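Listed below are the structures to be examined.
One chain, subunit A, links the two complexes that follow: it is found with subunit B in the first and with subunit C in the second.
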Partner chain A sequence: MEMIVEELQRPVVLDASFERRVMVRVRRFHAQNRARRGKLARVAASITHHPAWTAAIAASLVAVTTFGIMNGRLRTPAVSGAAIEPTRFVLVAPTAQSVSVVGDFNNWGLGDSALVATSNHGVWSVTAQVPAGVHRYAFVVNGKDWRADPTAPRSPGDDFGMPSSALVVEEGSK
Partner chain B sequence: MSKRTTGGLMAVLAFAGVSLSAGAQDPRMTPKLDNPSKAAVQAIVDSAKAQGVPTDPLLDKVKEGLARGADNAHIVAVVRNLSVELANAQRVLGANASADEIKAGAYALHAGVPAVELGKLKKESGRLRSLANAFTVMADIVSRGVPVGTATNAIRSLVGAGAKDKDINDFQQKVKVDIDQGAPPAAAAETRAKPAPVKPEDRE
Partner chain C sequence: MLGLEGMESSDAELVTGVLGGDVNAYSTLVSRYRDRYARYAVHMLGNREDAEEALQDAFTRAYRSLARCEEPERFGAWLFRILVNRCRTSGARRMRRSQTFVHDEGALLNASEEHPAEQTMWREEIERAVGELSADQREAFLLKYVEDLGYDEMSEITGVGVSALKMRVMRACDRLRVLLKEVHSG
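Coming up: the complex of A and B.
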């Protein structure tokens, strides 16, 4: 045992050329990076020196932002100030054609804000950014069949004759 | 301006135009409350605000009702009922209760948990412990048929023993599975809330 410890504690003697070889590699890496950065800077300069390009970029940014807002994809969370936690929703529905998640964190899907789940052989899932707090939600199967999450607590509030589930998201819980 | 630059700019503007018209022509119309219902909801919200009751759950309830296709009168009635339950929850939980506790407490009241039980639990658990999850689980097991007294005792013993939210969620899952497998709800909740026996070697 002592022999093994002694062996492990013995300093490793490196080849004399080791340091030189490492430094050659480091210098080569830096040179390549510098060349890449220079190329990018030249492209950026050519764009910033042309007012037409600046206008074009600004217009495209406006267009993309407007498109996102109008389609509800850049919606801000329902609860301001609360920490946002990634939350995964899963529903097993082998025969479903589509599954989405609606709840008080996404305006119950109003205005095209439903979260569309993707299927892995009938196991549908989607991850959403949900503010910390108490929430209610449901799955909508095939666009019309509202279902509670079978793995979550039931929400006993009046849900207009359709089931829903309760979700408590804690800060830093995920 | 060169021909190439002009072409690029026109392409970007054309894209912007398409984006705007795509948004404007969305065939899905967001349903809205009619004016009398809107006024009724506004009055409920104003009254809640004046009492210091959280109003977000009321507005969420309107959206939920609209999304589920409920008629306006039903939505107003549900919002009114919820505002009463929120006010009751706030009253029994006291000034230290968070908006989440009040919201979860209101749903527990809706499930049939007596207000006095929520107040007792809050008083016993202290200021720092959030009971939002405990109230949510309490409401769930009551809705699954666990008698109110059994449910409140179970949650009280768990919270009193220092159970974390994760433990309370585990308890809910186990009670649910037991009931789904045919166990009487009361027996499931009583049994699952019992603390694990102390190992002989851990005894002093």
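Coming up: the complex of A and C.
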């Protein structure tokens, strides 16, 4: 056994280009991340729903991205090739008979694409695979009552004339 | 680069530098761990190409998640955990039976210079035997004997209980003895 281990413990030396290849990936991600932060700052600046809360919402939206914290809500049109991340949506609605999630990541629930949440003592939740990016979404209660997420920032524009919330999902945040 | 001239920066200093925006500090971490962890990936995945891809991916994932590295002074251990998981994913995605030994031309050349043909054959036999182990057994064996980790560390990295790991290592050793004996007796 000692001979086997000795043989397996021989060093493996990688090609000199390995480090460069890793750093190309790292710098690409760094540049994308900086661009995304700039975009989010612009989105945050455009939020105008409740003037009194505008500053706080904008600050929290930027903070979520800056510190890489995934709060589990919101997205925009996904970038082609973006990583898919599991995202959990939760709504407390004790009297609801059904809750589903619709957003730009599932074509706003058209056809059968709405995400049906399950209830645990009035806490409705569902986990969806969502592409990295900034998104808009809403909850549909009892099949007709369209609600924004009360715990997330409101999106700058209401889709279909209905309220919606904004969600940032970072790549590799799971 | 942080730290005093002539002194190597610690992992914690480098991680702090990267999080502060110094991307170049990450290249020091890459050069510090690349060869050390390449050995595990090569033996685990059975070929150099997949191993390099897994290691690149582990470094990239670690960079993306660096803010969640709770103990920057233990960056190496945290990175290794990411690599072990990445190797598991990679190993599960492909059929590896047809390529169970390392295609490491440089290493084979060195071996040949030291101990002619027998050394090369011995190495190939070992790599082939390691490749015949189940993924779980191979992982446990490499962590225990090649990476020289304790069972508690192995448990922390793999999420598998100590008893189960001991069993896997024992079975891996038994299997290797049988496989290598078959080669020599055949």
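Brief remarks on what is shown
The rule is simple: the second predicted complex is superposed on the first by the 92 of 174 C-alpha atoms of A that agree within 3 Å, B and C clash if a C-alpha of one lies under 4 Å from a C-alpha of the other, contacts with A are read in each partner's own complex, and residues count from 1 in each chain.
The rule is short, and it goes like this: contacts are C-beta pairs under 8 Å (C-beta built on N, C-alpha and C of every residue); 3 or more make two chains touch, one makes a residue touch a chain.
Since the model is a prediction, treat every value here as computed from it, not as a measurement.
After overlaying the two complexes on the shared chain, residue contacts for A:P153 are found with subunit B alone; subunit C is out of touch. Touch criterion met: A:E171 reaches subunit C, while subunit B stays clear of it. Contacts of A:V102 after superposition: subunit B is touched, whereas subunit C is not reached.
Of the two partner chains placed around the shared chain by superposition, neither subunit B nor subunit C is touched by A:E85. Annotation for subunit A, partner touching more residues between subunit B and subunit C: B. Contacts of A:G133 after superposition on the shared chain: subunit B is touched, whereas subunit C is not. With both structures placed on the common chain, the touch criterion links A:M162 to subunit B but leaves subunit C unconnected.
In the three-chain superposition model, subunit A touches both subunit B and subunit C at residues 67. Those residues of subunit A lying in contact with subunit C across their complex are 1, 3-5, 7-15, 18-19, 21-23, 25-27, 29-30, 67-68, 171-173.
Residues 50, 52-53, 55-56, 59-60, 62-64, 66-67, 69-71, 78-79, 102, 104, 107-112, 133-134, 136, 146, 151, 153-162, 164, 166, 168, 170 of subunit A are the ones touching subunit B in the complex.
The touching residues of subunit C, when paired with subunit A in their complex, are 23, 26-27, 30-31, 34-35, 38-39, 42-43, 48, 51-52, 55-56, 59-61, 63-65, 67-68, 104, 106-107, 122-123, 126, 129-130, 142, 145-146, 173, 176-177, 180. By the touch criterion stated above, subunit B contacts subunit A in their complex at residues 1, 5-6, 8-9, 12-13, 15-16, 19-20, 22-24, 26, 28, 30-31, 56-57, 60-61, 63-70, 74-75, 78, 81-82, 99-100, 103-104, 106-108, 110-111, 132-133, 136-137, 139-140, 142-144, 165, 172-173.
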